[in-house]
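Shared between the two complexes below is chain A, which pairs with chain B and chain C, respectively.
The block that comes next holds the complex of A and B.
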């Protein structure tokens, strides 16, 4: 137990690195995922096809393989990236954007067509329909699944441990080697730091979800 | 997207404009793709290195390369997934049933276990197996996959139970079945059939997660790919990657197709689950293949 307390600064370093990866790639994937979602609901068929293809490939490729591509394959093709956090953030963003896209798209689709028709029937213009009727409903439904996507992203940052980024999981692995008798405690410490992020976020998502159900 | 909530139904003029714009944008995108591929050709990425699949160097035969990727690599990936899936399912059933228990302590404990398992990365669970419990890499991979997916599948089953009409439980009670009998004879058979598409989708997630074996030292498909390019040389990284990606996508798309077909069958029989908002993993398409609204 004492060694866990001794190792606290290392845990903290790992935790902030994990948080950094999650926040940066989280923001980037929200941006790219939303752009991808506009492709998928676009009136232009070619954009819809491109969006669907990218999302399907992204969702069916293992994250580890995405990491391998940016860390090992791309440099061998002559496209050199800096090592460490940069390829990790790119890989996490590429992978997560596909899931953000699906969450946003299903949020938009969850708004009944009748809502837009009713808005037009009472004389709202298309901008008003969008901003007063469709988007408020779509945003509310989209928030809980988006939080779940971000929780999954936080856990997925652990894959970076296999690719030369010392975040929480890599820290735990290192500490497990340094303190063999306390392996279980070290790994439990790592689990604790993940739970500090994931459980409150999950509770928040559940809370918002219940509120949205009532408002319908 | 016709009948979309975002736009009015287009008239003939708008349809014409949309068609022209679609073709123009499509051509631009094709041009972009051509430009990227040309850049890759200029870097020599489509040269003789692809012969690694037909006539590989270093005294190997094409059959050797394919066998190592498909039989050994993909085989190892599938071996981990196929062992983990049923174990995860059984554990999930136990957790889901315990969670519905009337005894507060039991249901609370089951909930806590599910929450803990869901909140921790799969890779960390594999490291537990590897470093703390001294398991082999294969056992550690299976352990991580089982524990994590059990929690997710337990949530899927719970969502299914919640979506079932209340009358089913009441009818079971009315004909004198105990709670456990009602669950086993009336509720679970219906839930499992309804949740089959979600369960298949979850198997895709499990299969993808088995690639974490690459990090904990289990020689699955990705590790086999790496061993191949370490042996043949760096210029073979790209072709080997493309084929590995294709193998993964092939298996996963096939499974996704199965999920969609099962889903359609269920819908056709009128056994369509309510739009389930499952608060679990991102990769569960709530309605695979069906564009809602």
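The block that comes next holds the complex of A and C.
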């Protein structure tokens, strides 16, 4: 136990790195995922095809392969990225955006088609229809699945441990090596710090869900 | 297609053609829902479209602001060909009010916001001006005291009156009503019809798909009877209801007027 207290500064460094990866990739994924979702419901067929292709690539490729692509393959083709957080954030964003897109798209599809028809009938263009009428209503159904996606993302940041990012999991691995008798405690410490991120996310989701509720 | 002499006389009092459909065809897969439809609605005219369900009357109404695409033929509104998509279409739709069977009020916005959204976002009106006009319209349809409620808190009749105010807020050249009272409880039908009768008396150009024969008799200049994707008969309401020419119209009227 004492060794865990002793290792707290290291845990803290790992925790802040994990939190950084999760928040930055999370925000980027929400943005790109929503844009992808608007592609997938666009009246233009070409945009729909682009959206569907990117989603299928993102969600059907194992996350480790996505990391390998951005950490090893892309640099070998001459596109040098700084090692560490940058390729990790790119890989996590590419992967997570696909899942965000599908959550948002199912939310868009849950909105009664009459809402979009009424918006078009008063002269709103397709972008205004989506942003002013459909997406705000989709938000309610989208919050729970989106939080699932973001919690999965938080745990997925651990893949970065294999690619030169010292986040929580890498920290735990190092500490387990430094304090062999306390392996269990070190790993429990790692698990605890993940919970510090994921459990409040779930609570926040419940709060947002209640805030955006309205009856149809 | 039959034309009665008196209908022509009544039409001569009306203005220039506002909505013109020529040779309009529409298929849903195998089903031919609109067959070579020619129809002209003149400025100030109140046209009632009736017919059995599945006759194509709703599709016709929705085709006029292109919520349904058509396979061939042309639709002109105020002399302008209906654009296929994009900004032109949005602009034209702003001039064509639409009232739906299921109201379709924006569920996440208050009654007042529902009425203000179009004028602000599609017409570029300032918020204060839009609000003043919206409150005036809500007052006109008798729901001004509900302006800060959400749509789901209103009765069906109130929601439909808000929907009419929302359409009127765009100052449309023509109003389309797609079975506006079919989803309402019986005791709420009249409050909506009253608003529509008043609109008609103020000279609004209206295309109304409805089963309300009383409204047709009271407010319509012309009745169009559709069956199986065709315009079977068109006549003045009194002529149509008392002395329909076609067998299909006679058959339809005998079915709905016996009770």
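Here is the rule we go by: the second predicted complex is superposed on the first by the 179 of 216 C-alpha atoms of A that agree within 3 Å, B and C clash if a C-alpha of one lies under 4 Å from a C-alpha of the other, contacts with A are read in each partner's own complex, and residues count from 1 in each chain.
Just so it is clear, a contact is a pair of C-beta atoms (placed from the backbone, for glycine too) under 8 Å apart; a residue touches a chain by one contact, two chains touch by 3 or more.
What you see is a predicted model; the values in this text were computed from it and never measured.
Engineer: Which of the two partners, first being chain B and second being chain C, lies in contact with A:158: first, second, both, or neither?
Structural biologist: It touches chain B, and chain C stays clear.
Engineer: Tell me the contact category for A:123 with respect to chain B and chain C: first, second, both or neither.
Structural biologist: Once the two structures are laid over each other on A, A:123 reaches chain C alone.
Engineer: Quick one: is A:132 in contact with chain B, with chain C, with both, or with neither? Answer first, second, both or neither.
Structural biologist: Once the two structures are laid over each other on A, A:132 reaches chain C alone.
Engineer: Check whether A:3 is in contact with chain B, with chain C, with both or with neither, and answer first, second, both or neither.
Structural biologist: Touch partners of A:3: none, neither chain B nor chain C.
Engineer: Which partner, once the models are overlaid, touches more of chain A's residues, chain C or chain B?
Structural biologist: B
Engineer: Touching A:115 in the superposition: chain B (first), chain C (second), both, neither?
Structural biologist: It touches chain B and chain C both.
Engineer: In the superposed view, which residues of chain A touch chain B and also chain C?
Structural biologist: 43, 112, 115, 120
Engineer: Which positions of chain B touch chain A when the two form their complex?
Structural biologist: 1, 3-8, 10, 18, 21-23, 25-26, 29, 40, 43, 45, 115-116, 118-124, 127-128, 131-132, 204, 208-212, 214-215, 222, 225-226, 234-235, 237-238, 241, 244-245, 248-249, 252-253, 256, 275, 277, 279-283, 285-286, 291-293
Engineer: Which residues of chain A touch chain B in their complex?
Structural biologist: Listed in rising order, the residues are 41-48, 50, 56-57, 59-65, 68-69, 72-73, 76-78, 99, 102-103, 106, 108-113, 115-116, 120, 126, 130, 134, 144-145, 148-149, 151-152, 155-159, 161-162, 169, 172-173, 176-177, 183-184, 187, 190-191, 194-195, 198-199, 202, 205-206, 209.
Engineer: Considering the complex alone, what residue numbers of chain A touch chain C?
Structural biologist: 43, 112, 114-115, 117-125, 128, 132-133, 136-137, 214-216
Engineer: Help me check something: in the complex, which residues belonging to chain C touch chain A?
Structural biologist: My answer: residues 65, 67, 85-87, 90-91, 93-98, 100, 102, 104-108, 117-118, 121-123, 150, 152, 163, 166-167, 169-170.
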